[in-house]
Amino acid sequence: MSMQMRTFILGMIGVPALLALVFLTVYGEQAGAIIARILPRVPMLLTGSADFSSLEGGFVANILISLWSMAIAIVTGAMLGTGLIARSAFVRLPSSLVMNLLRNSPWLVVLFAMLYLLPFEIEIFGFTVSLSPAVKAVIGLALPVTANIAEIFRGGVQAIPSGQWESASSLGYRRLQILRHVVIPQALPLMVPNLMTMYSMLFIGTSLVVVTGANDVLSVARTIIAVDGDAVATAIYIFVLLLFFLFCFPIAILTRRLEHRVGTSHP
Amino acid sequence: MTTTSTTKPLIEMRDVRKSFGTYDVLNGIALDVREGGVVCIIGPSGSGKSTILRCINGLIPVNSGTIRVGDFAVEAMKTDRELIALRHQVAMVFQQYNLFPHRTVMQNLTMAPIQVLKENPADVRERALKLLAKVRLTGKEDAYPSQLSGGQQQRVAIARALAMQPRVILFDEVTAALDPEMVSEVLNVIRDLAGEGMTCVLVTHEMRFAQEVADEVFFTDRGVIVERGPPKQLFQSPNDPRLKDFLDKVL
Amino acid sequence: DQLEKVKERGKLVVGIKTDYPPFGYLGADGQVKGFEIDIAKFVAKELLGSADAIELVPVVASNRIELLNAGRIDAIFATLGTNPDRAKIIDFTHEYYQMEGMVLLTSKDSAITAWEEVKGKKLCGIQGNLYNRTLTEKFGAETVLFAGTAEMFKAFQDNRCEGIAFDGPILNMKVAEDGWKDKYKIAVGAFAFNPIAGGVRKGEVAFLEAVNKAITDAEAKGVLVASEKTFNMGASEYVAKRAEEAKAKAN
Amino acid sequence: MNLDFSWLADPYYQYWLLRGLGTTILMSVLGLVLMMVIGIAGALIIHLRVPVLATWTTLFVEMFRNTPPLVQLFFLYFMLSEMGLTLTDPATGQRIPIFSGFTCAVLSLGLYNGALAIEIIRSGLLAVPSQTVEGARSLGYSRVQTFRYIELPIGLRLSMPAMTNNVVSLIKTSNQAALVAVADIMYTATQIMLENFRNLEVMIFVWVVYVALSSLAVVAMRYIDRLIRIPGYGAVA
Amino acid sequence: MTTTSTTKPLIEMRDVRKSFGTYDVLNGIALDVREGGVVCIIGPSGSGKSTILRCINGLIPVNSGTIRVGDFAVEAMKTDRELIALRHQVAMVFQQYNLFPHRTVMQNLTMAPIQVLKENPADVRERALKLLAKVRLTGKEDAYPSQLSGGQQQRVAIARALAMQPRVILFDEVTAALDPEMVSEVLNVIRDLAGEGMTCVLVTHEMRFAQEVADEVFFTDRGVIVERGPPKQLFQSPNDPRLKDFLDKVL
């Protein structure tokens, strides 16, 4: 059995067991009653609706927001990253400035800023697009992640030995052609684990979108605690921890497997 | 200085100087290679041998002097388009092979002609197969570089350079990274090429090989060509004390 | 203008609280209810003819003004206290409630009887309450402020602070709950009253007028008095007085 | 858009902001120390495969790095007392939670970023060329000695770039502490914002503060990196 | 088989087998080296030469067979403490030098004697200075490995091994990664050592050097020692066809 497989099984059993232990320590004999109380709230936490009727809130919202942010950030990050390795200082320096500013901004602050800076709706080509809190959350998270992805992109490209650039130039390739045909295909496998780690961090960061008024799992959890009383608070937080863990941990393991695979060469 | 050939040389370097920052690497290099000629450059490590080849290929710009390859004035080239035309004529093979690890042997050979020279893929493939036969690697078309031995990889690199149908090939210590047993495989391929009349410029530490195939040998030290001549003469009766010293150590 | 837009849309979009019983909270059945929800629904009925022509958007203190000014919501009914600073940014509707701005909840055996005695004591509260500054500046208390009421109550129960200084209605309701009744008391009454009003975007005169008219109607028809009863808020003089006045005006 | 920063002139706000800044810095520094201690100890335990402890450390790492630090913080702040971790307040004689909000914030930063640090240091250790390790072993170094004298010093240097990111991440994450009433700069800003509604201006101010703090940290890390850099070794950065 | 020495050998391997997974690398190696002897191991790449040296030094455990070095039974060693005692006597120098990049030349030499053997730092320093003189690197005490040429680094590595005052030194292709000019610097140092009576086991591709310094040469192929004998005999009249083939390619 591989090292990662062992860790995977250990984590998938051990961490939920640990959380269960905490749950039992806190509630003791009332554990059963508490479970009965929060069970009806589970659909709410997962989907934001009491009966799974819509899929716009709760944990589903965290997933959707993270996927959209990631999709946007990969595109913008690759563009910014190309700027970071540009030969011309006129492109490189501003890119690097933007990258550093975005990377050093706390996500919470960027999310707040989105809330205040972005209008509620914008007109593009005559269409009115409404910027719901979820959309603002997507943009707010995509911004700092863009900076991180740009760095990953730059790192990946620079990890390719200079001999590849040299030999491709001596075969007559131009700079962008080298990037496209020679360097990026090789850098991509190196970048994938980092991108996945980034996605994991982004997903964990979706717990902050509560500030934009998006109806994510943590907002729902706090509402429920306010209504149902703080007796259920521990149980709800444990449940939220478990949700995040069950989503992020398999990604982390997969990432590590890929990292090991990247160590070996093609094919 | 004397030139061994009487026709107009294919490659001609005159008073070429190059520095990296404050460090002078080439201090006035003069060198010529006739069409079909085979010349070797020898010299201690750091004396500028690789830099000479890089300059001929336009990979690095020079500070002063002229470099002519065929009708190209390399030192004056600025745009990508000019350089690509040059590199169509001047191929280079590196010590570390620098094959594209994410592509098969066949793709390594065909990529540049198709993507850079926009040649017809079918023609390129056909030519590539012939070249693989020439470097004795028929059957390895679909292997990846990592699945080949060092000697095999270096032969693929030579075939890749040939696939561009160049007039000159520059070899930079192509056997230095190889296990001793594999060296001869690669040298055999170069020997064949030289025999067929391909213009070759070799940087090498294989003195016996240089003696056997080269028309002329150049000895560089600290960025200048200290001595030049036919290999026999250079190796058996060196004039310059530095060359004597170098040959003592290496032979 | 705004009024026409709402009518055209056929739906009133209102920002309400969902974590603030009795004003707006999520019931056990998953439905949002509360004193302000009743007002919002009444306004919808007056404007659009149906209490269901409404979209309730959960807001928190920190984002409600932005959502309003950004156009996401048409009006705020979310325990919005009036004050001159805020009036520069939005327009307030008629006031419909008088919030006991800050009462002090402590354990039964606490010796504190007046605001002057909280000097140097730790008091739990909510970030953004207008009177927090008075507490520290004037009475010299040390505030421990949270983002939500749940955290505030929990921290107090854990003895992280000696009392809770917060809006009267919510503490009155809390101290009547089982588990709190026998342990805690309201030790000091309000040092200020804060009128609560709805909020709309600045300059929407027609809309503001329509909403104001609806609020006055609601008062006249006794909706608010009934609502106070439904949500166990205790019958306040203020709401009763407003109802009388509204009735008198209507007649 | 006309920005109004006149609120910055309010001496009361100035006092708050300065105090908040002090709290943020202190919290970050203590968090960093804890993070490094956890990072090195954890990496040592996992790398040397210490029986039993290694398993627990792995569980610890996986749990903390795969859940939101915000929820972890709530958990530490509110739930530890539920689990019976309380002490008696000498002043009032009441049972109070053992950790104050500030302590919880420092702990949560140390734990979350420490879990990340373990991973970072571990990959730094794995990046130490196996030949160098073999060289040490062939000179008679024991496993622990090899770790102490060869792998850790080289591995830590190799992990500097990733560690810089982690340090910046810690500083940025510290603003969550406001949610458990730690009066840091974010907390102060929230209060100011809700009083004067100058949201954008206050946000800009806070943003500048954090960018400045992060940049300072990056510069400091670069300086340390330069101090301990192995001359001419690898294009690490 | 014959042994060139009549005294009891210092190193003795008998029927040593080793596999990695299902891949058999050593298939019954027998080898002996007398005290003060200099033996060379030659053979094609992958034939197990490095593995033999690693086994002698206890860096990897063997599957079966016995390895004796002095009074140590290497194959039976389990604990770190035993292995450290062994490595005090058997030093190893690698193709890639494996110096500690984060320490100066002087520290590279003194670290192990001080930290492992707990010797007096002043004594160790003194010895290290002598050793640096011996490998002709006086003056480089404070340089870092990356600031030295390959040949210099390799000489530091040899000095570092000598600083442990071993009875045997194992050299694994110590010149393979070097530029041709630097090879002779390193070989000169080894020649001196051999001349002073240090027991040396060398894996090398430098046939001329092997011929010059070795008492005996072992030829390995596919994990067995195919032929052994004094260098003259082995090189000039090889018996085994595989050895003949190998010598054809290499010489």
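Just so it is clear, A, B, C, D and E label the chains in written order, and each chain counts residues from 1 on its own.
Going forward, contacts are C-beta pairs under 8 Å (C-beta built on N, C-alpha and C of every residue); 3 or more make two chains touch, one makes a residue touch a chain.
Keep in mind that this is a model prediction, so the values were computed, not measured.
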Exercise. Along touching chains only, what is the step distance from chain C to chain D?
Worked result: 1
Problem set entry | Touching chain A and also chain D, the following chains | C
For this session: Using mean Cα positions as chain centres, tell me which chain lies farthest from chain E.
Result: C
For this session: Determine the centre-to-centre distance between chain B and chain E, using the mean Cα coordinates as centres, and give it in whole Å.
Result: 36
Exercise. If you average the CA atoms of chain B and of chain D, how many Å lie between those two points?
Worked result: 53
Exercise. Do you know which chain D residues sit against two or more other chains?
Worked result: 74, 78, 199
Seminar exercise, completed: Residue ranges of chain C touching at least 2 other chains are 62, 66, 154
Seminar exercise, completed: Inter-chain touches occur between A-B, A-C, A-D, B-E, C-D, D-E
Problem set entry | Touch list for chain C against partner chain D, complex | 61-62, 65-66, 85-86, 88-89, 124, 127-130, 132-133, 137, 144-147, 151, 154-155, 158-160, 162
Exercise. Which of the residues in chain A end up touching chain B in this complex?
Worked result: 161, 163-164, 166-175, 177, 181-182, 185-186, 265-267
Problem set entry | chain E partner contacts - residues on chain D that touch it in the complex | 129, 131-132, 134-143, 145, 149-150, 153-154, 157, 230-234
Seminar exercise, completed: So, in the complex, the side of chain E touching chain D is made of residues 57, 59, 80-81, 83-84, 87-88, 91-92, 94, 96, 98-102, 111-112, 115-117, 144, 146-147, 157, 160-161, 164
Problem set entry | chain C contact footprint on chain A (complex, rising order) | 44, 49-51, 115-116, 118-121, 131-133, 211-213, 215, 219, 222-228, 230, 233
